[in-house]
Structures are given as structure tokens and as C-alpha cells.
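Quick one: the structure is below, and I'll ask about it shortly.
Going by the order they are written in, the chains are A, B and C; count residues from 1 in each one.
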């Protein structure tokens, strides 16, 4: 499978990264090189092999349902790009 | 052409935990913006999710209640998309392996029972809220709701019309409250419905193209939105058009659905197992322990009410619609005696329900508690007062004037059941109305009610109606 | 003093031969003098460090000190430290002052360790040369034309140049071991789950693991005692009894079975590195160890597998940098979509963008099974290779990196060539095993060579013992670059 410029643009859009027209071709070249490396995987038969998502085969720990956190919004919002009335402000969202 | 509607519902029930699904922040409704959004909820760099046992227990309880499979191993996945109310840029949800699969629930539509399949129910986190009031042309984001636990309950496309969809939603709404896993508050968004609606020519098997309708925060809106959407789809199809699969928003002001602009683009959520959360393996012991905490479920309770109290199917369904109402009813019956269950049912469903609705009160906050209503039912049952007088007593109790006996005594409302006394009154009335008596005896039967009215007036309504009727008939006959 | 071991510094502090303030000031002075040329630190805050030193001195004076109380340690700028700017080497976090402490920072605070500053790193730990940092490349103290390795290149250079007695690093595909090797110091990546990831900014969550970087194995053991420990805030943290990682340091090595994977000594290994590693193994034989050939047949596949799994996780982990709640936001934009895209285009560097796009691609509809799922299956085969190998040996040894430090700019335009330099380290992360690198001499160009020691799960104490015994017999770890 080889990547196309359309793929690059689609991924950039999904990942919300602006990519200028002049950047597309070099990016395609670099990503294609990486994907060629990745394609080596296809040479190995993995039928019947269970996927490994975690280093250890353990079960999720569950925590008790208790409130342990205090209000820290003043400290958190001191480092926010734009806030008003305790809210994070973003360009208008259209539903 | 005749069309058939096909509906499947996705219900998001906020689970009633005190803390978030993946953090220790509070879930209380109505806090000042972002005061309940902790480091994990706002997705600071480096923070990690930790699963809330309370949410898992509630999901298991739900699964057991609908006779579903509880998956002994389920997996949390990331659903990736950008939105300002989604701080991590992904929602932690369950995708390939949900905690609950394959259950069903019985709904009642009119006199008919119908079984609706539940495909799955999975745990996930809620998003925050975007506030669209104008902040200099910007949107405000409140993340208090972010990471509140949700159980997403997905039905099979088993409903065939708005009425069935509403019945299903109401049954589910009742169930989650019975189970005490969700407070069911629809105004606060604790219980939200999305409807997948399609139509197909009646008699065909293949599903039509569906639209998903969002923002249905009341049963009425659910009904109206479906009705609107079905009409819209039929219109398009009958004029030769095609339905586009899309997400639509119900606008209750205009009573219509419209395509959501933010959902226009094709989404690619790139689900993958969340590396921060290990597979959730549940022990048989944990599931067994939760099974022990299951309350009597609405369906079982309804059947028991019919059998044990001789109620009609309809009455039993109304009385078991909420756990609180069923409990109130049984409390009245226990105090008044099972023999008077039908009277108790009529009062709970009639005057009590009416007064609660009028004053916008929950049954748990009724000014007339079950014990007092039982006192009233007992006085009706033992003929101390008539049903008509009982309404007056009930109003007095509602207004805080004491219990039934005290009100009957203080207002002198005790029914006259002494035949001699009633006869004496009848004699006086007959004597005072010779013309009417003559007309009655000559065949004008309708005048009977005139004499009843006169007698009731004379006794201020306290004469036992049955006795009065019998005696009056005898005396008028001569 | 700048060459002293942590044990010696601890003794000097306890004996009041020096105060923590004096010690901290001495290293701050070295940083002021040498960091402009090396660029090992992103943030230095003398006032904060000295305040911590004063607190440590009080604690020492009251007899409440522990083995690390008063010792300054440089922190990789991936660990959130309350009140400290924490950038992860990125423009997108260039203004982020952490409002909370990572578990590792909390544990160091509890031990009385002084935070000496935040060290430079590849942006979001994505890199093997420290050239992807928004704050500029780090120079290798042994040769300023060379890279220090990455991603923990700042920490490695700081320890190698004696700007800090010790430092922390994180290792997702070799980011502790490879820079340790390239700068002639020691570093250990513990078993996945031993050190909490809470507050350690995520790159690839299922692979990331924090660990110490120091001059000697003994120093690493002392640091790991402080860093390791169960943390309820990290669901992948292992609930194990506290360990003393120094407990086995003095054990003799007689009878130790060293596995030598034939794939680690095959084509691609530079001859000068091979010679140094073979000499180290000969030394081990003198110490009573025996060698056995083992095979890790899927070694070559570890790179493609890693470059699917790590970017996939990263593409999701880095979605939170959206200009909404903290960090950089583009100054100009037309609407929400534009704000996201410009913020992320301006905030992330080229390598991070490449990996986000690759990660997005391998997870996208239609490709998941061919790439992500396939890689997860191969990950299991890679882990099983180690299980098989450890039936035959106690530890595995080989080179940490195929070459000594390469030159700045040499591979920065060729991502794939850069990726291949992690060939010996990546599989360890995929398996979740512990691995370490110790200095084992020098290559033809005078740049350091690292010997990699890989242990079975939870064999950290054993590995530290193996490394320490070698360091008792050799002096590579005491060598220091000229001009520092």
C-alpha cells in the first residue's frame, strides 16, 4: 500500500495539523519511507497470535467511589490561554 | 405505499456515583463552572485515568437486571476526535468488548407486551459542556461534567413507532431508577436519548437508511422528533428522493429536526485499546455479590401487584412506573389492609397523583404520607365516610389539617348510617314535597334524584348513599 | 567533589563536611559555566533549588535525613514539577508551568532530593539525538560535534559533564539507555510498571518508563530506591512490596549465565563498538561468568512494530495539546478548526508531526488490522523471544547502540536512519523488560561505547549487581570528558 498526497492531507486534517501546500510533497516522501519500513511486518505470519496491548497480563484495578479532589480551577486557569467567568474560551462552536 | 417505521434507541444514563469515572472529582450537578474539573478531567499533561468501582458495579447491576451477559473481560478504548468539551481529544469508552451484551426488556404498549432486545451497554465518560451564550463571539467551556460516568444502552432496532420508542424509554427510565444506578433527572441531562430512525415499505425486510436524532431530553420531544422525522423521511422517499445517513438535532422550539453542522464531515474515530487502562476482568464472586443487591424489578412487581392485590394490568403498570409510587402504594395497603387494595390504588392513582401533579411535588415529598392516606381508605372501607366526603377529607389532609379521623371529627363529616335517622329525614322531605311525590308516583322516575338531592342537602352529604337510596325507594313507593 | 558517588556525597552531607546548599550551589555554578555550550538544561531556577537545599539542610541537621537527602538531581523536562516550567522539549508547552507534581517528583521530594533543574530532551521524547528539541540540540560533552543521544540527551550530557551528580530519564524505545551509552554514563529502564507514569508526560503509554541516569550502577540503585514504588494514580503501576535495589550489589558473579543474542552481533554493528563490547564480555568471564549464545529472531521486526505502536499511541496522547486549556495557542486564527490546526502546526516540530500523522494513519479506518493489530501480534512474538532466551541465561548482554555517537545533523534529515539506531533497545520496551546501559570503553573516534544488560522481569537488583561488579573491576565509569 503506498501513501498518497490525499492520505497526507486527510491525516493532517484528522490530527488537526495545518499543512501548507509546499509541505505536502516532502511530508509524503518522509512518511512513505517510514511506511516502507513498517511494511516489513507483513512478511511474518501472525495467524493465531493474540495481540499484546500491555507489558503485563494483569487486570484493571478499581478505585473506591470517593471524592478525593478539591476545586483547583483558579490554579489551573492561571495557565489557560483564555478564560472568562470560570470558563475556557474557544472560537465559536457551531452544533 | 404503506411505510413501516424502524427505531433503535441509544440511551445515555449518567451513573449515580459521587465521583467521576476516571478521577476523584465530584459529580454533583450545578456547581460553578470548572470547580469540579480536576487535573485528570482537564487532561493536564501526564495525568492518568483510574477506574471507579462504583461505576462498574452499577453497570453489572444493570446487565443482571436485563438478563444480559456480563463480560468477564471487557476493554476500554479511545475514541479519537477533537472538540472543545473533550479535553483529552479522545473519549474513553468501550468498543469491541463492552461490559454488558445481549439482554432484553419487556415494554407495555397499550394492552400489548413487547420484548425489546438490548444489543449492549457499555461504560464511558461524559464530555463537558459548551456554553453558546456569547462571550465576545466565543464559546465558553465548562468541564465539570467531563468524565462523569455514563452507561450507554443500545437497543436493537425493535421499535416500530414513536409510541413504542417512548414506552421503551420510559421503561428503561423506570428501570435505572429502580436499580438506583441513575437519578433519571432528564432536565439535568442524567438520562438522554438518541434515536436511530428509518422507514421501509411495509412487508420488506431490508432496513432503510437511518438518521440519528440527538438532543431528546424529554419523552415528549422523543415522540415529536420521531414523528417529525418519520414524516420527513416518507416525504423524501415518496417524492423520489434518497435519505442521507446523518446526525440530526431536534429543535424543540421549531418542532423539527435539522442536520448537525458539526457532524457533517465523515468521522474516523480511530478506536484502539486505551494503553493507560488494563483489561477489566470481573470475578464470579463480584458479580454474585451484586446479584444479591438486585431489587424486585418493575416487571416482576407489576405481575405481583396483579396477582397479590387483584389489580388490573393497567393499574399495576401505573403503580409500578416508579419505585417510589409502588412503595407508597404498598405502604398504604399494608396499613389499610390488603382487602382495600383497589380503593387504595384508586386513591393513589387518582386524587393523590392529581394533587402531586397540581403542586409539582414528588411522591416522596407528599404532604399526605402513606399512613394518612391509609387512614382515609380505612374510613371509606368501614363506611364512616362516603367517597364524596373522602375527597373533602383528603383536601384537608393535603392542607395539613391533621389525619382523617381528626378531620372527620372536627368537621362532623361522619356518615349517617342509622336507618331510623335517615327514615326520619326522608319522611320530612316527602311531607314537604307532596307535588313531586305525586308526580313521581305517576311515573316520573327522574324525580328520584330530586329526593336524593334533598336528603343529601338535609344531611350535608353525610347520609350513607346506599342506605339512603334503598330507604328512599321504599318510602316513595308508598 | 563533582566526581563523587552519591554514597560519598551522602556521607559528606551527613558528616556536615558540606551542606546541601553548598553542594547545590557548586553544581549550579557548573551549569552556569558549561550549560551555554552544552545546552543540557531547559530550565534552571537557582532560587527554587537552593530553597529545597536549605530545607534538606534543616532535615539533615535534625537527623531526619535519608540516603539521598540534600543531593541535587536534574530532572528530565518530561516530569511535571509543581511551579516549574515543564516543556517536554516542545513549543506547545513552552509556557506551561506545571500545577502539580509527578509521582517521581513527589517521591524525590519526600526523600529530600533537590531538584537541580529541568533537562533538555527530544520533543515529547521523540528522537534519538536530542535534535528535535524546540530548545535546540544538546551537545555531547565528549565531542561537541556529536549528539548526546536521545531522547534523554540533556540528562545524559548533564551527568557526563558533571553538571549534576545524577538525573532522571524516560525510556520508550531506548531513551535512557542510548544516550547513557553515547555519553559514557549508566542508565536503567526498569520493568514496565515499576516507576509510576503519573505526571510523566506521555509519549507511548504502553512503553514509557522512567528511570535513573548516573555515573555508576550503585548510584542508579540508590536513585531507583527513591523512584520506584506503587502508585494508585497509575493503573499500570505494579502493586509490589518496596524493594531495596542495592541489596545484591555485592554478590559475586561466579556462575552467571550471560546470553549473547546472535542478532545483536550481526551486520550493522560497528566494529569498534563490537570490540569494546567483546572486551567487556571477556572481563565478565574473568569475573566467573559464562556465556551462551541465544537468539532473538524477531529483533529486526522490533523497529517496524515500534514505529506503528508508539506513533499510534502518541497521536492520541498528543491530542490534548489543542490550545484550549493550557500551553501554546496560535496568535491568529479564523475559527475553531483554524485555531486547532494553526496551534498544532506551530506548536509541534517536524518529527512530532511525522509521528502523529503516521499514528493517525495506522489507526484509521481500513488500516487498523493491517498495521496496529498486526504490530500488537508481533509484539507478542518479540516478547516471547525473550522468554525463550531467559530459559538459557540470567541476563542478556550486547551493545546498547550499533555505533558510537553520530555527528549533529548527520541523521536529522533521514528519520528512518535515525530510527534504525535504536535496533538493540526497542525490543526491551515492547516486551516490558528492564534494560540498562553501562560504559564499556571507547570507539575508534574516542566516543563512548555502552554495554547493554537486559534482565528478566523484575530483575533490576540482579542487573545492578552485574553492572556494579564490572565497575569494581574496571574504571570506564569514572572517565570524564576533557574540558569539563
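Operating definition for what follows: a contact is a pair of C-beta atoms (placed from the backbone, for glycine too) under 8 Å apart; a residue touches a chain by one contact, two chains touch by 3 or more.
Every value quoted in this text rests on a predicted model; they were computed, and no experiment measured them.
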If you tally the C-beta contacts for A-B and for A-C, which one comes out higher? A-C
Chain with the smallest distance from its CA centroid to the overall CA centroid? A
Per the centroid of Cα atoms for each chain, what is the distance between chain B and chain C, given in Å? 57
For chain A versus chain B, what separation do you get between their C-alpha means, in angstrom? 41
Taking each chain's centre as the mean of its CA atoms, chain A sits from chain C at a distance in Å of 23
Where chain A touches two or more other chains at once, by residue number: 14, 16, 53-54, 56, 58, 60-61, 63, 72, 76, 82, 88, 90-93
Give the residues of chain B that touch two or more other chains, as numbers and ranges in rising order. 39, 42, 44, 50-51, 82, 84, 139, 141, 268, 270, 275, 277-278
Could you list which residues of chain C touch at least two other chains? 96, 99, 206, 232, 235-236, 315, 319, 322, 324-326, 336, 340, 360, 364
Residue numbers of chain A touching chain B in their complex, please. 14, 16, 53-54, 56, 58-69, 71-73, 76-77, 82, 84-95
Under the definition above, what is the set of chain B residues touching chain C in their complex? 39, 42-51, 78, 80, 82, 84, 87-90, 139, 141, 268, 270-272, 275-278
Quick one: in the complex, what on chain B touches chain A? 17-19, 23-26, 32-39, 42, 44, 50-56, 76, 82-84, 130-132, 135, 137-143, 249, 260-262, 268, 270, 273, 275, 277-281
Listed in rising order, the residues of chain A that touch chain C in the complex are 1, 3, 7-8, 10-12, 14-19, 27, 30-31, 33-35, 37-42, 44, 46, 49-56, 58, 60-61, 63, 72, 75-76, 78-82, 88, 90-93
Could you pull out which chain C residues touch chain A in their complex? 95-97, 99, 191-193, 206-207, 232, 235-236, 238-239, 298, 300-301, 303-305, 307-308, 315, 319, 322-327, 329, 333-342, 344-345, 348, 353-354, 356-358, 360-362, 364, 367, 370-371, 373-381, 383, 415-416, 419, 431-432
